[in-house]
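Got a structure here, written out as structure tokens. Questions coming.
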Amino acid sequence: MSLILLIEQILNGLQFGIMLFLMAAGLTLIFGVMGLINLAHGSLYMIGAFCAAAVAGKTGSFLLGLIAALAGAAIAGALVELVVIRRLYRKDHLDQVLATFALILIFSEGTRWIFGSFPLFLDVPDYLSGPITLPGGIQYPLYRLALIVIGLAVGLGLYLLISKTRLGVQIRAGENDREMIAALGIDIAKLYTIVFALGAALAGFAGALVGAIQSVQVGMGEPVLIMAFVVIVIGGIGSIKGALIGALLVGLTDTLGGIFLPEVMKLFFDPSTATSIGSSLASMAIYVLMAAVLVLKPAGLFGARA
Amino acid sequence: MTEQSVPLTPARQTPVLETRGICKSFGALRASREISLDLRPGEIHAIIGPNGAGKSTLIAQICGTLKPDAGSVHLLGRDVTHQATRMRARAGLGRTFQISSLAMDDTVLQNAVLGALGASGRPWRFWKDALHDRTLTETAEEALLRVGLEDLARQRTAELSHGQRRQLEVAVALTLRPKALVMDEPMAGMGPEGSRLLTGFLDQLRQEAPILLVEHDMDAVFSLADRISVLVYGEVIATGSVEEIRANAAVREAYLGDEA
Amino acid sequence: MIRETHVNAFTLALFVAIPLWAVMADEPFTITLMTRAAVFAIAAIGLNVALGLGGLVSLGHAVFFGLGGYAMGILAHHAQTYTALAEWPLLIEGTKSMPVIWLTAIAVSSLAALAIGILSLRTAGVYFIMITLAFGQMFFFFAISWSEYGGEDGLSIYVRNGFPGLNTLDPIQFYGLCLALLCLVLVFVWRLAKSPFGLALNAARQAPVRVETVGLDPARLRLVAFVLSGAIAGLAGALFADLNRFVSPVMFSWQTSGEIMIFVILGGVGRLFGPVVGALVFVALEHWLGELSEFWHIYLGLLLLLIVLFGRGGLIGMVSGREAVHD
């Protein structure tokens, strides 16, 4: 096991973690401000990826694809909020789960109807393809490195948005005291639509970015959604900072576990047994991490509310 | 936690319930400052004080939903500071809530049977109908009879009036055959007739279980209480008989000021 | 408006009449559909113990359903390949006996429910939903990577397992067995809801503080409810596996968890027959809408949305006009 491989895998873990962060940040924001659990967040991720693949396929421009992903997911998010989601804020979590589960069914089958069951492909643009040589002679795919940088930039932008802008003030007020925003004369209905669309745009953006290294297909969103839940449970609901730390922890654990657990098992078993036991264990690693956090800190690492 | 004894008024009898120097802060807010109180057999000890004086915080610590930062709580001579609410309930501490905490979809009888079930300590039975268990229903019906809800036993709790829910709260507490009762504003929201009936009932009840009574209805407090403690800004500024409290200058200034 | 007891009786009558008709009309596929409905109903009754009585919104009941399925799959796989399941510390062999498989399924899923319950009941609300969902995913990925038992492809069992005195290969006999179990589970849960435990659990859902002030422990009540709930779902999983003679990681998937929850909601949360009606209606929709359109999930989604937004109390609630038992 060389140092180069280790660094490569750490970068892969970071890249995966950053993409999870884009999902988790939206989820946790929506829960923090509106108190809503949104299972259909994975559908918005999928919508972003499909918009990007369709537009990039037609125009040949990856950048236009990304813009389409942002716009498409934001519009879908705003529409869903206006038609369905806003009827759910006052309902209990069970109703929220069911209604957003129903939305998954509608979005997934609707997408299958329009695009068919075969995966679409979104190509990495030329200017981002190929490896780049990092200090120390490590060859690493430029696109994945770009994902890390873009993700961090979006994270920074989100931080500035929430801490420096008027919208951010309203969002923070909404997280702390729902009555207060009404008292401040803020249009709550509008704020909620904006926050939901913002979360949707983040998810759609992540879907498009990841869509270029995986295939774009129906059902791609839900595994990521559940991983984002693990991230939120670890980081603490409603905390953007928790979402970032949790996402990086989960990304690194999942990636490194998949590589190193089979290696560790080789110390105890013959190679083929070790590989199978190791990969089984690796598939459970992030859930074990989640269970450990639950035992130690039931409200998550940065959770204020349980 | 200091074990240093806090000066108490010489007790004629061992107190049933006692707090010794309990302190509780929320950030900069000191909600309980060295509160030492006791509840003796056969008495009604009323706690009064303006809103925000820390009455709810005090009750929460006595009943075990909050842990004091310092000091201790004693029930029947045993230190229960570190015991959960349900252990205190099993040891004989009955409680009624300011905001009714009842199973609203269940019937009145079911709520009372729940109390009897808790008292029996045997909830792990999965087959027999709880409402056909004579030992449970007898205890429950007796308690309902005592508070005058026997005719409403089959009614859904959500359909009860505000005052009737208060009565049910008391009935559930009675099913536990408590050694001490903590009542948080039992008269709140009751009509004059209901208040009068409940006052009469609590008057008799004290012989069976002494009552720590938090109440805003001053007529009820002054007619019922053997002793009154006045809580202001988390501190007991006076404890004494009704006459002593009425005459106490500090109390008049801090609390009764605008009424007197 | 129709009384709820009449709806229940009618539902039960359908579970008897339709298969009898199918036998006479020689429509074995209808019997298979009804078996599917009966098995789904058992799983949903299991979930309803946690959800309706305990107020625990578990999105991870596929774990128990799947464990029941794999208990059947693994035991039968070893029996059909004549290999031992374990040789050390004691010899355990596979089996084709349904009663043994059922008990194993119940035991394994109860243990899993105990472990998951202890961890996830430390939290409540949204956390609980996310965590149960996550544990479901954990079992899903574990099953996929467990190549010894088929990994992603799952395990096929060539001949349905046996029950003493019955020919389980005959669809109507196997159906009878499932229906009998459904009735047993219904009676058990009916008694459970009225029992001292059920009364306390019901109260713990509505007013946990009250339960604590009468000296009971709401957390422990919920944990026991979760274990019972998991055990029933595990039994259903074993039956489902025997119905299809096949198990795969799909049984562990989040869609399965979601579908079990849909059965409960379609019929009505917290009602004894809610899950039964829901499972029957779901299987009927799946069959008819599935014939009409490949994309029938869209219609299912729309129906579900309508029920959540406008029709509290599920189908039974709409028909019998009674408010939801559970707020």
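Which chain is which? They are A, B and C, in the order written, and residues in each are numbered from 1.
Keep in mind that, in the parts below, a contact is a pair of C-beta atoms (placed from the backbone, for glycine too) under 8 Å apart; a residue touches a chain by one contact, two chains touch by 3 or more.
Here is each chain with its UniProt name: A = Amino acid/amide ABC transporter membrane protein 1 (HAAT family); B = Branched-chain amino acid transport system ATP-binding protein; C = Branched-chain amino acid transport system permease protein.
Because the structure is predicted, anything quoted here is derived from the model rather than measured.
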item	value
Category of the chain touch graph - line, ring, star, complete, other	line
Chain whose average C-alpha position is farthest from chain B's own	A
Centre distance in Å when chain A and chain B are each reduced to the mean of their C-alpha atoms	50
Whole-Å gap separating chain A and chain C, where each centre is the average of the chain's CA atoms	31
Whole-Å gap separating chain B and chain C, where each centre is the average of the chain's CA atoms	44
For the chain A and chain C complex, residues of the former touching the latter	31, 37, 84, 87, 91, 93-95, 97-99, 101-106, 108-110, 112-113, 222-223, 226, 229-230, 232-233, 237, 276, 279-280, 282-284, 287, 290-291, 294-295, 298-300, 306
Chain B partner contacts - residues on chain C that touch it in the complex	191-192, 194-200, 202-203, 206-207, 209-217, 221, 224, 325-327
Touching residues (chain side chain C, partner chain A) in the complex	51, 57, 59, 119-120, 122-127, 129-131, 133-135, 137-138, 141-142, 144-148, 254, 258, 261-262, 265, 269, 295-298, 300-302, 304-305, 307-309
Complex contact set, residues of chain B against chain C	63, 65, 84-87, 89-90, 94-95, 97, 101-106, 110-111, 113-115, 117-119, 121-131, 133, 136, 172, 175-176
